[in-house]
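Order as written gives the chain letters A, B, C, D, E and F; numbering starts at 1 within each chain.
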């Protein structure tokens, strides 16, 4: 069960409106790695957690925080849209700055949302749950989370470069910090789990059922041998095995051929 | 540029057809973490790589292999579908085993594909490119790849439990092994990059622009303090900072309020 | 069965082309509340209607009209796109007005449709049937229709502000009128049904099976008590009950905990 | 900013597992009118509200409650999935009851989520933000909310019929009650707003700009005159106008014809 | 503008209900090549047609007919769903036939639509406009139409095999006939246009701007030379050129390499 | 199994960067008829082919080539994006050319991909597998392929008009040529198959089961008789029958009416 507090976790006040940046900022609200993604991913992971309580609690702490980040960014976008000159066609015809705003802004910000945020990415594609994962395997999910916070912080960093508004940058500096923490915490949790369950997910699958002569070979499917020099082709692998390099792929299977289709499927 | 060899990388021959398992196996073909996802994710990462050649080559080696895994699973599904009794309604009415197959199988396997594989997940949802990422940041992408191979191997392990067909299990044992290798290699590559660029992505964002008093705090947004006991709330964080635990969240911002909408947006 | 008459229900002639407005107008063609949505929603409702004939006939009257509205807007967009300067890169480099059109217009209007309308919203997202509902409950569907016509008319009103083209505005003034009628008619129909079946959908669900001590309480989950002052927290509710206000939420359930996962699901 | 309390708002305990009902119950979790939809719709409406505080507070109260309903249903689904016999192929071959479960259950419940809930509808289609609306017009949004709670309660009522599990039915009886309240409250709020702004959304659009001779006519586009007898074709309309009935549609426009395409669009 | 006649174009009466077949039949209603696809594809093509009137008229004749086919199939599905035993869990536990129906039917047919048709495919994926095309090039669109009617008729033929209900088969025999006609007519129209504009779309693109030494070569990218023996590798090509066969692909380009990314994109 | 060669099939070097054209070019990478579509469509067709080897080999030759075309276009887009002025807000405020680029470019090219290509269309909508078909009927699939190459070449031709960059145009001239070849080859293969199996797909469905009095009639559903004059309404049809023209549609069916819904579906 949740409770809502009306003061934001951190200020979300731009120095001045900027309808084009409002469009760009949608990416970290409703994009693949936006705040809706992490909020819902963590909620589903937390609600599905079937193991040790401390992981579940950590996940729910973070999930709950992230709903508040959705709120902050939604608020920032609404404020960036204030006064957008959507009805100033005549001015736009004479003033190329206004013209560029009208041509470049997200039309749904005006038509659909009346100058509010949208649950979409920066191109207007609606958020969908295909972006998220809650797998029922804690280490797998920690890795999903490390990935999400890495991509998310990267996008925030790029947005930081794409504006000079001090208010916007202040909020982004906070998000950068929280994404640092979240990378830190998921990495720490993953390391704990790797120590317990091994480096390969899922750790409990019986090794003897795996075709393990294929478990440590880098196979050279792409012309060039630069990859041969990496730490992934020589020496000890993270799971303790020994990396090998195969100079050319071998086809172990049979020809890709199928039996004829039955007549009732109308192949002709 | 690519070349195609007709013999499969590994055998993809079931002992006998099984239309229900063909439906389930679609998950690792066209699901969120199926082989289409890793193939296209790695291709886009490889083609977008703007840095050191050895990473690009490693990615292209793996990407190219994965197209061949799509091929193997597509082949297996086609073979599992052979002879599916889709036109045996009368038999089905009397034989509950046939009835269960007709009721449970993916109707598109017959109607749309004429007993062939579909580019969808196990529920028939078409694969879409919102599943993948190529970010232009090598460490971020390595983490996406570790995640993808972890989720992917987990799903293969579960499918292994859901069939007793020796031919299917043989192919799955190979995929499990390759997913082990791919986890190993992406982890090895990520470790290299972390040593160079730091543990937090992106490593090159200036630390002084981050609100760093928020970079190491676990905030207790969810009732219960189990999370306080984890390695993520005490001691040294992966990036070298010191974890803190905040017993209760603080609201640093202002009230979530917006200015009135202009009349031309018709708020009333 | 349908018949098509070639003259449009109302003129769809812009005074002059405007490729940017063509992009914006897509919202009321193929957006969430565009004309494709209402046409197909009403068609499916009409075809699924299992009750009194007069509702079914009303729905089919309106559904059929709406296909003609899709036609009008599609026509308007095609005409707004005439002569779009998509091959005038050189001019664009010198003339910022042409440059803004090339940068701001929907690229698919040229590349995919050859200067025709698209079955998408104003950001180019394809229309999908997840926007619509035909529930088999007449009052529920009337409410879906009141909502659709309200959102639709709102969007048309906003578009009216975003152009000064007299021909476009003339067509929009017609659509505004029809949306007024459609709001009027669905409200009238809903009132009839509410009188028969009660205000709460579905009216026929036995009241005694509902946990009715929770049916009239506004619970204060969000800080602040402004909501306490509304007509929804005091006095008689629309269904005849008495509204209550709970100052703080009560948790009636058990702790959100799950049993451990079985080993064959590989939780580790 | 949000806070999370671990005890559920209401019990979510089935009497016994039922993997097939877990699949069906997904509809009210991640379907078009499931709890994710109302939670996110209300959050976006609340965060975008630019008017009177009491509406915003009401919306945020309800939004926050709905996140807790997502939690309850997610929990129920996880519990319904416990012990699902996904690895019992041999038993299934002999026991048609187990066979029916294996054939009928959602394969992603096992393969992807390890016996946890999924952010999808009952057919496995991921939730997407195209289901929701936050329009910036309070009355329009109240109507969206009345619709959502009506469809939602209807679906819960149908699910109630589709199970005989007492624990499941107990939770559904609570959801039915809360949906009753939410219908009540949105209707009350809508009535307030209609009194202030008029029955037609948006109320502030100048009537004189609407082609008002078309604002009260039911036009008989579909064979049969049953619709002529309804309250929507006679007497006073909800907005105070007088309904008219047109026995046959009139085409007021011009022929649907376009000018030829320019050669650079390659029409040939 | 459209008019609706209440009698169906052809009978849509099953001999008896069959909820499983109702699910399968959804494919030709709301699937990739279902009737919604052809109806909307032809409507958009007709409304976008900028050339000779006779093509536009042909397209609009067919488009209008197809809306009536959507109506027929929607009606058939509604009738197949009548009396579906969705509330007979107890019977289902004892009667495997009822159990199979409950496990195999589309849950949304009951929960969402109250035993009505859905605008989705046979797996419940909503129809979307990404299935259709209206390109502004008449020959290209005729080819899209030939394809759509070929896939559509194939699916109808397969469904014919999957039922033994005489009423259903009677309607399918009509759809098979209309799909034959539509294949015939689009082929006839395409031949006319090919005679005027040439076999290659678009015919008006200047041949001298094409790298025409690559316009007639089959390149052997896939191991094996079976393709060398086809009519596509020898003799005169449909456009009058001469087919060539290249035994091995040649790479004419440069190495796939990119310049380094700028620092402000945070590649590290 | 596949192998990768690092030199591109054809040069993909623009004369100079152009972030706006990079956005437009996405259409032929990740749009409905972009190279991802043809690559994956042909792969699935090839892997599903259950008949004569020469068709399968032809398809796999072409499929493999198309993966290389995805590579070329991805490379071109990455190069067009080099140096995009995404962090030059100040300059943009003064220089309308830079302003137009910032407003018009795809924000995800910077924020998500760090100046790399995206697996989306020109509006940023992710590619999805609903675009493709592999039907298990060779002639149906050849027609899908003819259509895909026709739409694809049309889009390339339009893009050719929309740029004046010699390097870009050079690559497009190559793609135009390959699309010519692919149209040629699929047409040649289709003609072979039509000779064997007849012009109507599927050819093997028994003619006597089709309601063949409807197989050759053009029915005049749309006002106007221009369509009567076409080759599709007179003389011999492609399948050998004789075209007829019906001046007005006949309704052969019954009224579109349904039985009442059962109470347990809550129609009220």
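Quick note on the criterion: a residue touches a chain if its C-beta (ideal position, glycine included) is under 8 Å from a C-beta of that chain, and two chains touch if they have at least 3 such contacts.
All of these numbers come straight from a predicted model, not from anything done at the bench.
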Chains adjacent to chain A and to chain D under the stated definition are B, C, E, F
Chains adjacent to chain A and to chain E under the stated definition are B, C, D, F
If you tally C-beta contacts across A-C and across C-D, the winner is C-D
Chain centres computed over CA atoms; the one at greatest distance from chain D is chain F
From the listed C-E, A-E or B-E, the one duplicating A-D with over half its contact pairs the same is C-E
Chain centres computed over CA atoms; the one at greatest distance from chain B is chain C
The distance between the C-alpha centres of chain E and chain F, rounded to whole Å, is 12
Rounded to the nearest Å, the gap between Cα centres of chain B and chain F is 27
Note: chain F sits from chain D at a C-alpha centroid distance in Å of 34
Chain D residues touching 2+ other chains are 1-9, 32-33, 47-48, 50, 60-61, 63-65, 68, 71, 75, 78, 86-87, 96, 100, 103-104, 110, 112, 114-115, 120, 123-126, 128, 130, 133, 135-137, 139, 154, 157-158, 161, 202, 205, 221-222, 224, 249, 251, 253, 256, 258-259, 261, 264-267
Touching chain B in the complex, chain C uses residues 154, 157-158, 161, 264-266
Chain F contacts chain C in the complex at 20, 23-24, 27, 31-33, 96-97, 100-101, 103-104, 121-125, 154-155, 158-159, 161-164, 221-224, 249, 251, 253, 256, 258-261, 263, 265-268
Interface with chain D, chain C side, in the complex: residues 5-13, 32-33, 46, 53-58, 60-65, 68, 71-72, 75, 78-79, 82-83, 86-87, 110, 114-115, 125, 128, 130-131, 133, 135, 137, 139-140, 143-144, 146-147, 150-151, 153-154, 157, 160, 169-170, 173-174, 176-178, 180-181, 183-189, 191-192, 199-202, 205, 209-222, 224-227, 229-232, 237-239, 241, 243, 249, 251-256, 258-259, 261-262, 264-267
Per the touch rule above, chain C residues touching chain E in the complex are 1-9, 30, 36, 40, 43-44, 47-48, 50, 60-61, 63-65, 67-68, 70-71, 74-75, 78, 112-120, 126-130, 132-137
Seen from chain F, its contact residues with chain A in the complex are 1-6, 47-51, 86-87, 89-90, 93, 96, 99-100, 102-104, 106-108, 110-112, 114, 120, 123-126, 136-139, 196-197, 202-205
